[in-house]
Amino acid sequence: MDKKKSNRFINFITNPKYLMVLATIGIFLAIYIFGAVVYGNKGFTKLRTFAMLFVDNAYIGISAVGMTMVLITGGIDLSVAAVASLTGMFIAYGTTILNIHPFVCMAFAIVVAIALGLAMGAMVTYLKIPPFVATLTGMFLARGVCSLISRDSISIDNDLIDKLAGWKIYFMKLNDAGEWVKIKPVAYINLNVVMFIVMILIGTYILQKTRFGRNVYAVGGNEQSARLMGLPVDRTKMMVYGFNGLCSALAGIAYSLYVKSGWNLALQGGELDVISAAVIGGVLLSGGVGYMVGTFFGVLLKAVIPALITFNGTLSSWWGKIITGALVLLFVALQQIVMTSSGRKKKGPKKKET
Amino acid sequence: MKSKESIFKSKLTWAVIAELLILVIAGILEPSFFKIEYNQTTGMLYGSIIDIINRSAEITIIAMGMTMVIALGGTDISVGALVAVAGAFALKFLRWDVTVYPTPGDYTVYPFILVIVVPLIICTLMGLFNGVLIGKFKLQPIIATLILMVAGRGIAQIATNGKQFTTGYTPFRFIGQGSMLGLPFPIIITIVVCAVVMIFVRKTAFGTFVESVGINPNASRVTGLKSDKIIMIVYTLTGFLSGIAGLIYSSRISSCDSNNAGLNYEMDAILAVVLGGTSMTGGKFSLTGTIVGSIIIRTITTLVYYFGITSESIMAFKAAIILVVIVIQSEPVGKWLATRNARKQKAGELHG
Amino acid sequence: MDRDVILTMRGIEIQFPGVKALDGVDFTLCRGEVHALLGENGAGKSTLIKCLTGVNKMDAGKIELEGKEIRPTDPKNAMDLGISTVFQEINLCDNLSVAENIFIGRQPMKRGQIDWKTINKRSAELLERFHVHIDVTRPLSQYSTAIQQMVSIARAVDVDAKVLILDEPTSSLDSAEVERLFDVMRDLKAQGLGIIFITHFLDQVFEMSDRMTVLRNGRLIGVYNANEITKLELVSNMIGKDLDDIFDLKRAAQKDGAGMMLEADHIGVPGKVENISFSQKKGELLGFAGLLGSGRTETAEMIFGVSRLQDGTIKIDGRTVKINEPMDAIMSKIAFCPEDRKRDGIIGDLTIRENIALALQARRGMMKPMSRKEQDELAEKYIKMLAIATPDAEKKIRELSGGNQQKVILARWMATEPDLLILDEPTRGIDVGAKAEIQRLMLEMCEEGMSIIFISSELDEIIRCSNRIIVMRDGKKAGELNGEGCTQADIMKIIAGEKDGETA
């Protein structure tokens, strides 16, 4: 019985399907433990530090859920940060300047984002425009509209938004007197973190438990085969870009709760944060491979590096970018090795028929 | 019957027509748009047209390399970061020890030659890095260049310790702000770079090799071309050109700005290439078209400034233009147009 | 008998640009029958299958399934109608697990969720039937092509199919695996399924099929009962014997004492072609005959460095050479016109001039460009010499007809003035006139001292042109014949495996 269990365990570890995810988790733990050993005395191991990793990066994580799906289909979406920024503008301008109910603004932003996502999906699916170019156009458009709304940063002045942003779940403990008190230093999670975790769970459910989710993998694995197996390839791709639009809008909502303002230049280059979080999480940019759990840890791994640098205090914060770049390189190399060793043929750049 | 090349030429013609159209609209709205003045004291020509060409220098230079990257069926999204890298290293050598030189002025710490050569070497090596990943290790161009796009700005920041150095060193400022033969110096650089690249590409067999690998890599290999070498040369060249653009940019602002230098340049360069008639799917390319494409982008930008529209909303205009171009270029639309033309021709033959 | 008919196709016509891929083909399939579909490459087998599965749209004709007219729109639609297909190339997603590949698109659901347990259990059971015992939760990419082939068959079989199409299902299986597959096929046959079986292994055709339909050049040649036809008759029906009178050609005369051009000593790539030895004199035209997939192309690709030689040595002009990539072969004055013109030959968007100059330019190197004048002269010379039908040299090559494209590729290599020219199916898919011209050209070049390796599926042209003929079968050299006095029957006997001939 025990032997069977251990067999199953070895099987799990050596299964290349999970190897990338395990690598991400492993590297995250290694870095975290390294931080704990070196900066434990400065409070790196405190729950607060850990909770802040979530609080500060929730909006990236929410967007990464949609991005993961797009990447698994073999596509890419460069518009996510711009769309999130646009959502922020809608909320800031709507609530503060036009005095519209925040929920109406949010609903409007979500509808616009999904529509834009579907439009880009249609360009990719039906017009066969490379995803890179199609979503680049979407990014320009969203940024442009942002600037047309306002060139200046608008701070949000709305009670409901304040309430939503201020909502926190504190970590408590029992003190000697038997009362629940906040732990010190104060650690909490907020609405954004809840949204992040819920989206990861929803994403996992979609990818693992629905036919649509499995079609996403099939399309990314081999689009031609997927078509011949009778799977609805076009519909799947459209839905993925639409879903990613939704995620971008939710990320935008989270970001505006986080900074409580809207700015046309907010989240410049944010799409790269999201993409690299997914890649570090073991999502294959050529499609077909990736897990939400991996992306979850990818976001954390990407978040823990700046945290470490802050704790170090002497290193320039820019090392964060370099280390992120190095991690992307590491994971891309790892993927190449895993793919070659597991016999999966490299897919060359797709060529048009001459 | 006309051969297909005329259609290829007509893509360039279309770009030129578009540019002229934009200029005519500008001229009607604001006749002073075309005024060019000669300033006796600086010995330089002034005017919107000169300004457009001057300001398009960085994108034009980068887009020379990007044209061939795209002709190979790839993309290079690291060029903007390389612009920042070049600026950062140039300024690092111009002024490093703040205790020696507390304020910016007309001096340099290291010899001027280092200020120019080292950033160019670094950018060339970074280009080579991209090329090796793509040519030798067959990574997708987007991922391979994503690495330096992310890490590049970090490296630039480290080089300058996250500070924005400024400089008053005249020879360096001359690169972006000086003038020669009455023209702003960046224009001179652009002309020289474009000429050299065009001669290299069209007077050797390189251009044909790039097109061949971009159109049909399999057949190119069977014909004896070494595609990995060609890919590496193209990405290395693009890195080098980004370095030149970086020097011009940082000289213009007499400073380095690792956050914003070259921001979205990759997008502009790709747009210039596409506007110039080179298809995103690779194959035949036109460097002349790319130059026109780059000037179109700058004309729109200048116009938008000129008429007081916010600079950031240029993005929306660019999006609209790019949308029209790529939809027309897209495969299904192309097929639809072709069948429609064929049908028309057939109908014509029947009637005629 | 009529009661048993499950599928009828009548008067199927499909027009591709420039060629009629299918021309009035009829086909019937009965319940509980294995029906072989035979023909050489380009005969129209795949097109017929694609028409049945909705990949290609037919221009004329009618398909009836169980008496009702159907018009499949896509593979999914065909599958829903009860037509299940295992395509020649494995059409699965190798990033997914084995089990998932069998069930994707029709996963059993439980409470709105995919029921992974059932999927894994049922797939394991399904594969047991094929005696395949593997961990079905692992990604497909981890398993051999043979297993992958079994998985795709398992997927096709598990759907409630009335018609099962197997397109070259055995090409990557070893004999034990083939036997397992045949057991399953017999099972399915007993259950009343109609099976369309496409293969180029004639033994298997005779072992498994009840009837066979032979196609050639998009036309129906005949339908035969398995017990009423011999292998030899079948091969001659497939290959055809349309000797055209327009071919008035003579073999190149062999000079006495001509030196050796090429000596191949036990060359091979394990698993593809093995142990090939032959030699070729200067000025000799060496024909390679054999069915598709017998290793002809692979041999040529080894000599030219397209695929890297793993065993054996090659001598050119008496000297041992190492050929790792095409450039090395070009430097040894070898040239190669590949079989797949579209994929490996033409650079579609480049002009005729550029296409002709490319190989010579590649050999010269990048820094020694040919002037425009040189290129123009070169292009003009070969356009005239090969009678390439084009208004000028600036036309894009993809706008030319197949025959003219082939001539441009030929010109590309002639421009490098090779000592050894390898032509892989140079006459396929081009019209009779162009065919004759290319053959005449080959013979002229041989007369002038060039050595040529000529690979073709058409026996008559091989016999007509070759000084010697090497016959390939199953990745091995099966025999060698003298061109003079050789008959099609001699070659067919070796191809059919009735005789291992070394008459040379």
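Going in written order, the chains are labelled A, B and C, and every chain counts its residues from 1.
Going forward, a residue touches a chain if its C-beta (ideal position, glycine included) is under 8 Å from a C-beta of that chain, and two chains touch if they have at least 3 such contacts.
Because the structure is a prediction, the values reported are computed rather than measured.
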Contacts shared by subunit A with subunit B include exactly C
Note to self: most contacts are between A-B
Chain-centre distance (mean CA atoms) for subunit A and subunit B, in whole Å, is 31
Determine the centre-to-centre distance between subunit B and subunit C, using the mean Cα coordinates as centres, and give it in whole Å.
45
So the centre of each chain is just the mean of its C-alpha atoms; given that, what is the distance between subunit A and subunit C in Å?
46
Shared-interface residues of subunit A (touching two or more other chains) are 354
Scan subunit B for residues touching two or more other chains and write them down.
215-216
Junction residues of subunit C - those touching two or more other chains
346-349
Subunit B - residues contacting subunit A, complex:
73-75, 137-144, 146-155, 157-158, 161-162, 215-217, 258, 263, 267, 270, 274, 280-282, 310-320, 322-323, 326-327, 330-333
So in the complex, which bits of subunit C are touching subunit B?
304, 306, 325-327, 330, 336, 338, 343-351, 354, 357-359, 361-370, 391-392, 394-396, 399, 412
The answer for subunit A against subunit B in the complex is residues 76, 123, 126-130, 132-134, 136-141, 143-148, 151, 264-265, 268-269, 272, 275-276, 279, 285-286, 316-326, 328-329, 332, 336, 346, 348-349, 351-352, 354
Please output the residues of subunit C touching subunit A within their complex, sorted ascending.
55, 74-77, 79-80, 85, 87, 90-97, 100, 104-105, 107, 109, 113-114, 135, 137-139, 141-142, 155, 342, 346-349, 398
In their shared complex, at which residues does subunit B touch subunit C?
1, 3-5, 203-206, 208-209, 211-212, 215-216, 218-226, 283-284
